[in-house]
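So that we are looking at the same thing, I have put the structure below in structure tokens.
Letters A, B, C and D mark the chains in the order given here, with residues in each chain numbered from 1 onward.
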């Protein structure tokens, strides 16, 4: 890559932002975003499965106007993608979640508030936009009930229960880097600034989270919160079926970006099996590996209703705060529009009919 | 590659010309020829799908004389290939389209006049040869009618309507290079020398072209021109079927050399499905990725009647004008003759019967 | 890999130990552990077949406690893996088999005593633990009978008859290195310190071993030893069937770590065919290529009851004796626990039900 | 590769000889042996198809004695391989064909006398051994009749008619190297020392050979020669069937080592189809890509009765004349014996029953 490509106006792909962010933050922080668990087999597979797919475009379809509007888990969205729940964003930029959420709002897409947000939920929602609340199953039921109440109060559209963690995956880059949270970055929804920090993120998660989570616990959430309940982190068709049976309102098909079980199957591969298992009506969001507007289109064509964007947003955040996130989202949108018009796909509905090789 | 391989008499493959042309023109111009859209996944796939195929040659077939004569879209041709429509060839050599067309005539194959030719159609045809006229769907119907009338007058054998553009694919090399047309290179069939240039090729295309093109518009062309009508840029078997239904006289199965939708399927992969969709009689031309005489043979064996040669001709043009194009065409012919005699294939008809792994 | 990764507390994967051991022992000794026969096609395939597999994890399964206890060939084991029989371990560390056996005991897994042990069986078992005895078919029946009697006396749980050698595979690294045993390392169960050494390991094996081994010989072993009899080195389903018919109590599906027939199929690939051939009840151990806890899980999911760990233990031994082996076993255990809880697999029985792509 | 590996006693694989021969003869001569036609896609595929296969060895089969004896095209042979017909061997060593033939005899395998031998047939056979005579279809019928008579007189076991040439494949290395025969190397069966040399090997072949060869011409050969007639160079099952119908006594399944049609299918891939086409009885020899004793075994397991060794013999010849060839043949034999005993394969008949993945 040439020198000038590293200047903001030469960042024309998500890969450019990935590369540029390397120089914007410390190596351990960059590794924390970019890496995954184990040998990162799933991390690599997540992107290569997208690259291996081929589209059979349709022609002569009058594509003067493309409409990307849709709803995602009950939220209106200008595009079929939203920001994935991601912890501790002040690690990557002083404005953290607020910057990312503002970019989301500016680009007319929803933002996912994470249990492990480094800025309190209440402060993030102040800046406007559409929100989901991502819940981790905590030992402290009171705290969970409080957060769920907050989510309702703050107008979140859905609760997304992440079920593929804890425990946290074994992320070797973090181990090798001796990666630890700086004193001023902490899960603000859970602890206050003065709490003593745990030995490592993994330890702290082990202390706070409850690994006894099972299907029956969904009932408890429904009792404490009237928002639609979405399960994030399913990959097995039988689990997808169980989600339907237990009254889930949607599923995020996800391997957590390759950060949990290494050698987990990729979302894109299992997606059609999951769509088949749940039938045409249940809402399916895909994440893990989406790096371009084409990838968004491919996910829709394979059975998703929309996708979550993970790392690309954080690379943008690291490079230039809200503006960086916004540029990344702009790239994804432009690429999606391009791919839709070049494949004769005028609406999200048509995107779902697209033939993929 | 050794030093001397870069000298004209050591250019023995199309790849040699690709490499040599790198030193003959500016890097942005070379990138404009060689590159494609997005991550160039389709660009790479276009050549690798040819390389992965294997031929089951036939032996003991008396190959003393090989006959490569055929017709392509109504034109007589000494070989089963013709020059693809390619815009703005004065970017690569001062004699531009005239040089390429003369080389085509000299090698007894047809040349495709492009809507975006950098030399007016009238001036190109003066030098003799057989021609097709490639049409882009323009906002200005009067201009289109004029061009179609010209195509008829100048004895073109067919009108080739390109349907996989606009909009232009997002070509990142051009974006990174800040690629712009020099003042003296412009689409001579459309604008005159004094017109003010648009910001970029992409912008100018967006201004001039009409993205509302659909199947019904074929009728308008047929009304304004009695030449056979060929559709260029189809990849989906259903679109091929629609082309037949709407009275098309032929199809160019093409992904525009990977310059439009990135991750579009390759022509060679879908070809058998398209042949099956349209039946044995409709004329099919393949392009995108043909780099050797063997590739020509493979395309015929998989269901094409002939192929279009794109970039190889331009690399030849850049290296040595008409002579360079002629050498490239000579290489393709020699390789085709070789492959035909070594596989026991004496005629184009036998080539279509060849078994491919 | 960064400098400090080479320090014991930065060795966090088996690959780290492989790399670190390179600096701990002589190159020929390291090559002897690490290499295989011929072009090492099977050596490479052994690890790549594991990397290519994908797991479909199950969620919401309440994984607070994971139980890895199982039995392996009649021995109680804290984890579903044991140390494979490996010859001449004093080549890699002065404490040789004693160090490895002690680490096994400390980690609550069984250890396989090899016919070609560089420390007499009697001395190894002194240090406690659970043992198998691995038998090579020797020309000297008296010596074999003695060793079998010893195995019984010392409380071994099973006799493992290795049938994929002799002759030894042609290991080109050893040939190129002119690898020879140092004077003080010799097969202590077979020769005494003062015996004259053979020209090479291969020659000595050819002298000592009997290649006339066939199915009928199993009878002889059963007559001389009441321990369960396990066949190590089968890869063909018909051989697995024959093993059952000849009364084998278990099979180690193994290609000897790619050290015998190069281009032999991998254990992981044939495993399901072998399971199908022998039915659900016969105990199957897999070895060859296991490098992580995930690999252990994959082997169980594909039909194994447990696995043998080969080279990883020796790399650990080379780096830091019993402690090194112990660290390697600790890594495997931690990775297995991780993979089990992240895939919703709470017991060895559930591991065997895991869906693999 | 380390320094000393280049010394004769460190050449332990065919690849070692390939590498060592690079330094023993001129680069153009080495390229002439090693290269192939076009982009050498078939050259590379020829070896990779062998590397990708996996063997399912059989165990407990009593392999104390392995018998590799067999017959090849009517000749007794100590091993299931023979030397392929290869032109002009004095290019690589002053003793040329005589050296190679002597090494073959010394190793108890047959040698193929080539039409284009650089030493007259009569002089080669003087040194003893078993021979085949390879025939190219020449314009000069009188000369062919003479050579066939000679083959009979000299006790050749079979006539091998090569049908995949002429014309010669387009070998780009030779073109780039401007490769030409030195004055003292010429096809001694065809021209005498004083004949004026043609411009290039390809030209001379074009002048001498007759491309009108077809199935009916087999009759002429049978009339002029009572030896068994074998067809070399078939790859299509229909051609194999035709060979049977026209009374061929055997087939050499071959793509001429990737020197004729580039992108021709590999012999190993089509072999089972050809075996199926001709039934169990017709003798099939395979060549193209055999580089180890394992490859010999794989070819037998896939349906061949024996194989021809091409380039490996010439690399040996270039390194050390008859001794070099002999060493190469010794390596192949040792590897074959190894692979047979490690896979429980005691005879050529059992080798043909071996299961391959």
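Basically, a residue touches a chain if its C-beta (ideal position, glycine included) is under 8 Å from a C-beta of that chain, and two chains touch if they have at least 3 such contacts.
As the structure is a prediction and not an experimental result, all values here were calculated from the model.
Shared contact partners of subunit A and subunit B are absent. A centroid comparison over C-alpha atoms places C as the chain most distant from subunit B. Under half of the residue numbers at the interface between copies subunit A and subunit C are found on both sides, making the touching surfaces mostly different. A rotation of 90° superposes the C-alpha trace of subunit C on that of subunit D, rounded to the nearest 5. If you average the CA atoms of subunit A and of subunit C, the two centres end up 42 Å from each other.
With centres defined as mean CA coordinates, subunit C is found 60 Å away from subunit B. Taken residue by residue, subunit C touches two or more other chains at no position, since every residue touches fewer. Listed by chain label, the pairs that touch are A-B, A-C, B-D, C-D. By the touch criterion stated above, subunit C contacts subunit D in their complex at residues 38-39, 41-42, 45, 163-165, 167, 169-170, 172, 175-176, 211-215, 217, 231, 233-236, 238-239, 242, 260-266, 269-270. For subunit C in complex with subunit A, the touching residues are 2, 5, 10, 12-13, 51, 53-64, 292, 294, 298, 334-335, 338-339, 341-343, 355, 357.
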